[in-house]
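What follows is a set of structures for review.
Look for chain A in each of the two complexes below; its partner is chain B in the first and chain C in the second.
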Partner chain A sequence: MADSIVTPSRSRDLDKLLLRPGNLVGPTFEPGVELRDDLREYARILVVGAGGLGCELLKDLALSGFKNLEVIDMDRIEVSNLNRQFLFRVEDVGKPKAEVAAKRVMERVSGVNIVPHFCRIEDKEIEFYNDFNIIVLGLDSIEARSYINAVACGFLEYDSDDKPREETIKPMVDGGTEGFKGHARVIVPGVTPCFECTIWLFPPQVKFPLCTLAETPRNAAHCIEYAHLIKWDEVHSGKAFDADDPEHMKWVYSEAVKRAELFGIPGVTYSLTQGVVKNIIPAIASTNAIISAACALETLKIASGCSKTLSNYLTYNGVEGLHIKVTEFVRDKDCLVCGSGVLIELDTSVTLEKVFSISLGSAVTSGLNIIVDYHKFGLVCVLVLGVEFIHQLEQHPKLLLSKASVTHRGKNLYMQAPPVLEEMTRSNLSLPLYDLMGKIPKDIVHVTGTTDKHDKKTSCLRKLRVAFKGIDGVTDMDMAGGA
Partner chain B sequence: MAEPKTKYDRQLRIWGEQGQAALEKASVCLLNCGPTGSETLKNLVLGGIGSITVIDGSKVELGDLGNNFMLDESCVGQSKAKSVCAFLQELNDAVKAKFIEEYPEKLIETNPSFFSQFTLVVATQLVEDSMVKLDRICRDANVMLIFARSYGLAGLVRISLKEHTVIESKPDHFLDDLRLNNPWPELRKFAETFDLNVPDPVAHKHTPYVVILIKMAEEWTKAHGGSLPSTREEKKEFKELLKSKMIAMDEDNYKEAIEASFKVFAPRGISSDLRQIINDSHAEVNSNSSDFWVMVAALKEFIANEGDGEAPLEGSIPDMTSSTEHYVNLQKIYQAKAEADFIAIELRVRNIQKKLGREPGSIPKAMIKSFCKNARKLKVCRYRLIEDEFNSPSISELQKYLTDEDYSVAVGFYILLRAVDRFAANYNSFPGEFDGAMDEDISRLKTAAVSVLSDLGCNGSTLTEDLINEMCRFGAAELHAVAALIGGIASQEVIKVLSPS
Partner chain C sequence: MIRLFKVKEKQKEDAENSRGVVPVKKQSAGELRLQKDITELNLPDSCNITFPNGKDDLMNFEISIKPDGGYYKDGTFLFSFEVPPIYPHDAPRVKCKTKVFHPNIDLEGNVCLNVLREDWKPVLNINTIIYGLYHLFTEPNCEDPLNHDAADMLRDHPHVFEANVRMALEGGYIGDEYFESCM
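Here is the complex of A and B:
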C-alpha cells in the first residue's frame, strides 16, 4: 500500500506528543513510533453526524493521527448549513452530507480513509457499531444520542463481581452546541455516567398546552403553533405537514399572520415561523469548532493515553465573557442502559410469543384527533392474546417496550422488520426462549423496540439479563464452586 | 451564489442583521497562518466577515500538512500565506481575501503604520517581544487586537482594546423588567380594573399574575405601614396569602404568581453594575466622547429626573396564563411606558449632542431605542496593555491562583508560555523543539520560569517539575485539535468585539 508510507515529518507536531514520555499522561500511555503507527493502522473511529460538529470532527480526527474513519448521517446538504459546515459548497446543496464530507476530507488529508454511510442510525445492524474503538457523536437530537448510547452500552458486559469487562467497554465522546454555548463529554460505559444516567441534563422541550393554542394565544409562537398543529389538519384532512416543503411553511406562516391579526398579537415573521415549527437551534461556526476540537482531543487521549482524559463533562459558555467548567458527574447505579441489565426471570417453558396489541396508533398521531381526544390521552387499549416473553416486555414497569425485536448473541430470535426477516423468524415465536437461547441458564438478550417518551414514540434498545427458574440455582452453585 | 439571508440564517438568529452588518464591514488582518491562525479565519470567513489579509513569510513544509487543513501536497514549497488565502476564499466568495508574503515581526519593526488600515488584527504564535510592540502600535492606532497561541496541549487567547462597550449583551439569566415592586400610575390603574374575588371561575383563572401581584402587594403595604414584605417570615406569609386566594387547584395564574412573588420583594432602583457605569468619568462627556457615552450621559440624567431612580422600562413581558385580551392590554401598557421613557432619553441625547456641537440626528433612533431596551444590561470592558500586564502584574491575584487547586495548572502554563519566549530569546529555539537536548532544556526552562516568577513578584512560588517537563515535551508543537480549539475561541471573541456597541 503506497499511501501507508508517510514521511515522518508529516506528523512533526503530533510526534512530540506521541513519541515522548511524560508525567501528566494517561495510565496506559506507551510512547513510541509503535503507538503512532497503531493509531493509524488499528484505531477505528465512527463519527455520528456530518453536520456542523461532524464536519469539524472529521477534519480534526484526520489531522490527529487517525486514518480509519467512518461517518454516518441521513441528511442532505441545505443552504443554511453553509455558514458553518465548511466542507460543503453551494454546488453541493441536495447531496448527502456524509458522502460529501468524507470526500472533501480525503481530498485534503492524504492517507486518510473515510467510509460514508448515508442512512439513519437505526438502519445499521447493532453489530456495525461494535466494529469501532471509539464512537464520536456530533448530533443535535436527544433521541439519536440516546439511541447510540444504548447501542454502545449494550455491548458492555459485567463479570461475576459486577465489574465491567474491559474488552466490552465502548467509549463515546459526545459534543453539542447551541449558539455561543456547548458541551463536550466522555462516556466510558460502566465507568462514567452514560447519556441516560444524566438524562436530566436535557430537559424535555417546552410544549404549549393545546388549550392555550386553541383558546388564549398570547404571543407569536402560539399563533404559529396553532396554524401548524391545529389549523393544518382541519384544512388538509389526512395530508401530513412537511416542514421541509416551503409551500407548507408559507401556508402555516400566512395562517399564523391571520390568527395574530385576529387577536392583536405582534411579531409573526417567516423566520420565526421556521424557527418555531422546525425548532431551529441557532448555530455558529466558532462554537462548533471549539466543541469538536475538544471532542477530537479527548478521542486522541482515550486512544493513545497521551494525556489524562476529561472527567467527565465540560461546559463551554461564551455568551458573556468566557467560562469553561468541568463537572464530574456520577453514574446512576440503577441505570437501565449502562447497568448490568434488567433481570427477567422466566420458566423454561415460556415461548417467544407475539402479542397483538391495538393501540390508538395512527389515529392518535394525526393532529385533529389529538385535539378531539386530548382529554382521553393516555388511554391506550391493549388486547392481549397470550402472556409470553414479548408481552412481558410491554408490561414490565421499567421497560414498557412495544414492537419488540429480540436478539441473542448476534442471532435474531424475532425481528419485527423488514418483512423478510419477520417471516424468517416468525416460527420462533412458538418455541420456548430457553431452547432458542441454547439452553443457557442465564444470559444477556438485546431487545429493540419503541417506547413512549414525553408522549413521543422513540426507538430504544434494552439489555436484559434473562435467568431461567429452576436451573438458575444450579448455575449459581456452579459458579460458587468455581470461585 | 446562495441567498445570504438563508445562508446566514442560523447565525442571524443570534446576532441579528445589525451584528451581521458589523461583521461584513470589518476588515481583519491575520499574522501567521499556521493552524491556529487559519482556523480562526476559517470561522470568520464562513460567517461572512468583510475582508481578510493573511500575512506570513514562510513557505509550506511537509510538516505543515500534518496540522493545517488549508494546505495540501500541491502547496509544499509555496508561500503559506498564498496557499491558506486561496483555500479560505473558496469557503465564501462574498469575502475579500488577500495575502502578503512577509514575516509579521518584520512588519511590526519596519512598517507600524501598516496596521492602521484594519478594524482588527488577529496575531497568532507571536513571541513576547513582538506582542508588546504590536500591542502599542494597535492601541495608538485604535485598532482592535486579539492574540492567540497554541503550544502543545496549552494555549492562550488575549484581547487587547482600549474599551469595549456592549449594549446588547444578552446575559443568560436576567430578571424581566416588570416593576411589580414599583408600578407606575397607568399600570396601577389597569390593575384596579380587576376584582381578585370575582366569582366567575373562568375570569378568576385568566387574571394575569402581574395583576395579582400588584394588587396583593398593595393590599400588603396598606396593612404593613407602607412597606413590602422583607423578612423571610413576611415573604412566606405573602406567598400563603396568594395561595389562599386560589379557588381551584388548577389555577396556573396563581401558581405563576407564587413563583414570581420574589419580583415583588426585589429592591427598587438600578443595579450596582449600572451605577458604576453612570458614575464612570467617561459619563462626563466632552467633544471626544463616543456615542455610547453620550447615551450613558443621557441615561444618567434620566435616572435622576423622570426615571425617578429607575432605568427606562424594557417594555416586553414574559408569557403568562391570561386571556388574550388582558395579555394584549398589559403588553400595550408596558410598551407605552417604554416608548415614553425612550422619548425622554432621546430628547436628552439630542440636547447633549447639541451642547457638544454635534449633528443631533447623528445617533440613529434605532440605536437609542436598543440602548433604552437594554439599559439595565450595559457592559463596559477595558483591557490593559500587554506591557502593563507584564510590568505591573496583580501579584495578589497571581499568588491566589498559583495556590488554588483549580487554577494552578492554568496559571502555571501562563507563566511557562512566557518562560518559553525568554528561552527562545536566549537560545534561538523553543525548549524541546529538537530531540536530544531534553534534559538540558528542562533545566534551562526551569531557570527561565524562576526568572519570570521573580519578575512577577512571586518569589516564593515554584512550578512543579511535571509541568516544566510537560512544557518541554510539547516542544512548541502546534497540534491541529488544540489550534482548532484556540482558533475557535479567538474567532468567537472577534465576533463579540465586532458586534455593534
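Here is the complex of A and C:
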C-alpha cells in the first residue's frame, strides 16, 4: 500500500475506494493495489450507444479507472446532438458518433484505450459480446435493449441444480432518460431480473387511430402522422419511407403543413415533424449526466466489489419536485430469456413422437438411472429411453404439457396447429430429436402446449434445456453415477 | 467480479480449449410468444392462414377472410401481417392486400381498427386482431372513416352502397376506381 502513496496518483480518489477495506463493501471485495491494477488490466467494458448517455458513460468510465473500453453506435453526429453530447463539435457533424467519442476521450484521458465500432448492434457476431466482462447500455429503444439482453442472457448457463454458473454471467448496467425522468438498473442474468422479466413496466407507445388522422385531425402531430403514414403510401406506392433521409422528411413536413392549413391547425414545424416521425423525446443534458454517473458507479462496483450494487432498479423523476426510488424487482422464474428452463436428458435415439424400437433392456437400465441421478444430484429429470419426446413432456412432473409444439433455434420442429403448419412439420415426428437439433450435445428448446393447472387447462410456453446422454461435451450422468 | 474476469482472461490466453459451445442467437421473446399465439389460433371457417416464407418464418403471414354474411358476403380479402420483434409490446402491422370499397379500409390497404393502434395491449393476440378484421366486414363502421366516399355512401344511401359493393366484388368501377373481382 505504501508504494502507491509514494507516486502521487491520478487515481488517488479512486484509491480511497479500492485500496482500503470497509464494512459496506461487496462480499468478494479484496482491497489493494492489485485490485486497482487488475481493474485496468482485465476489466473489459462495452458501452452500447454513443449518444447523450454514451458520451457521459465513456467519460465517466475512463475517469473511473477502466482502461479497456469499446463503444458501438450506428449513428452519425447531427447538429441537434451538440447541446448535450459534449464530446462532439460542429466540425464533427456527419461523422460516426462512436469514432469521434472514442477519439475525444482518449485525447483527454491518457492511458485509456477505446475501440469504436460504427455499426448496428445486430451486425456484430454474438461472440463479439462475449469478449466483455460488463455491458453498459446507453440506448433509447426497447428493441435494442431487448436484443442486447437476449444476447447477454444467451451466454448464461445453469448447472444441474438449476443454479447459474458464475463464469457464464454477463452483467449489464442499463441507463435510460426521457426529459426530466430516467432510470438506472443492474441486470445480472440468472440473479436479478433481466430486461424481459420486467418488460411489462413499459407503457405502450401513444398511437393515434388512423381514422382520426384521416378525417378529424385536431393537432399538429395528427397532421404529421397523416402525411407520414397515409399520404406517403398514397403518393409513393411501394417505396418505403426512410426517416433518416432528409428528402423524405422534408416531403412529409411539406405535406403536413398543407394538411394543417386545410384544417386551420397551427404548430407544424420541421423539428416537430422529425420529433413525431422518429419518436424523438426531448433530452436534457443533466438528466443524462445523473443517470450515466449512476451507471458508471454501478459498473465500478460490480467489477471491483468496493460496495454493494444497486438492487436493482433506480428511478429518477424530476418532473414535479424530485423523486428518487430504488425498487427491487423480482425475476420471472419462467422467463424465456433468462430462466433456467426445465432440464431434460434424452438418449440420442429419442424421436419427436413416433416410436421405432423399444428395447426392454435399456428401459430397465434407464429406470435405474433415474434413481441414481436423483439421489446423487437432486435432479428432477425423467430418463425413459424409448419414450418419444412429446409424450415425455406430458409425463414430466414439472411440465405436464400436452399437445406440445416444439421449436429449436428458430426452426419449428413440430407445430400442432394450425393445420397448414402441422402438415409442413409432420414428417419430423418420426425423426430423432438429436438429428433434428443438428447433433448438438445440449441446447435450449421451446415448447408450447396446454397444461392442467388446478384442474383447469391453461396454455403455456416453456423453455427446456435438452441434454443428450453420452455425447462429448456434456457432463455424463451415467459415468458420474457409475464412478 | 474482477477475480473472475482475470481468471477468464488467463483461460483465454492459456489455450482455446473451450468446450466448443458456440452461443447462437436465441429466438426473440416476441417470436416465441407469436409461436404460442399461432398454435392457439381459433379461426372461424371463413378465415385461412398461410405462411409465404415457409414454416420457420411465422413473423410474416397472410390471413384470408371470406365473410359469410353482410355487404361483403362471398368476397375473399387477403391481409398481410408483419409482426415486429418486440411483439407483443407493439401490435403487428396489418395491411389489406385486396383492394376494397370499405369505410374503414382505404385504397392503399390501410386498416382502421382500434386494436391495431390506439387500443393494442400485450394481452391481446393474433386471434383478437383476426376477429376484429372479420367484424369490419360484417359491421362496417361509418363513424370512423378511412375511405370518406365509402363512409358517406354507407351512411346516406345504404342501398346504393350495397349495390356498389356487390358490383365491386364481382369486378367493376365505383366512380373512377376500378376494383378487381375478389369472389
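As a convention for this text, the second predicted complex is superposed on the first by the 330 of 483 C-alpha atoms of A that agree within 3 Å, B and C clash if a C-alpha of one lies under 4 Å from a C-alpha of the other, contacts with A are read in each partner's own complex, and residues count from 1 in each chain.
Just so it is clear, contacts are C-beta pairs under 8 Å (C-beta built on N, C-alpha and C of every residue); 3 or more make two chains touch, one makes a residue touch a chain.
Just so you know, these numbers come straight off a predicted model, no measurement behind them.
Trainee: Go through the superposed model and pick first if A:N130 touches only chain B, second if only chain C, both, or neither.
Mentor: The answer is second: A:N130 touches chain C but not chain B.
Trainee: With both complexes superposed on chain A, which partner does A:S237 reach: first (chain B), second (chain C), both or neither?
Mentor: second
Trainee: Now for A:L210: first (chain B), second (chain C), both, or neither, which partner does it touch?
Mentor: After superposing on A, A:L210 lies in contact with chain C but is clear of chain B.
Trainee: Identify the partner contact of A:A152: answer first if only chain B is touched, second if only chain C is, both if each is, neither if none is.
Mentor: In the superposition, A:A152 touches no partner, neither chain B nor chain C.
Trainee: Which positions of chain A sit in both the chain B and the chain C interface?
Mentor: Shared contact residues on chain A: none.
Trainee: Using the touch definition from the top, list the residues of chain A that touch chain C in their complex.
Mentor: Those residues of chain A that touch chain C are 28, 30, 35, 38-39, 41-44, 126-127, 130, 133, 142-143, 146-147, 150-151, 153-155, 166-167, 171, 196, 199-200, 202, 204-212, 214-215, 229-230, 233-234, 237, 302-305, 336-337, 405, 407, 409-412, 415-418, 420-421, 424-425, 444, 446, 448-449, 459, 461, 473.
Trainee: For chain C, which residues count as touching chain A in their complex?
Mentor: Touching chain A from chain C are residues 1-9, 19-33, 35-36, 38-41, 43, 49-51, 54-56, 58, 84-86, 89-90, 104, 106-108, 110-112, 114, 117-118, 120-122, 144-146, 148.
Trainee: Please output the residues of chain A touching chain B within their complex, sorted ascending.
Mentor: For this pair, the touching residues of chain A are 7, 9-14, 16-17, 20-24, 56, 59-60, 63-64, 79-80, 82-84, 86, 89-90, 93, 107-110, 179-180, 216-219, 263-265, 271, 274-275, 280-290, 292-294, 296-297, 300, 307, 317-320, 322.
Trainee: With touch defined as at the start, can you tell me which chain B residues reach chain A in the complex?
Mentor: These residues of chain B touch chain A: 1-3, 6-14, 39, 42-43, 46-48, 61-63, 65-69, 72-73, 90-91, 152-153, 169-172, 206, 319-320, 322-324, 327-328, 379, 432, 438, 465-467, 469-470, 473-475, 477-485, 487-489, 491-493, 495-496.
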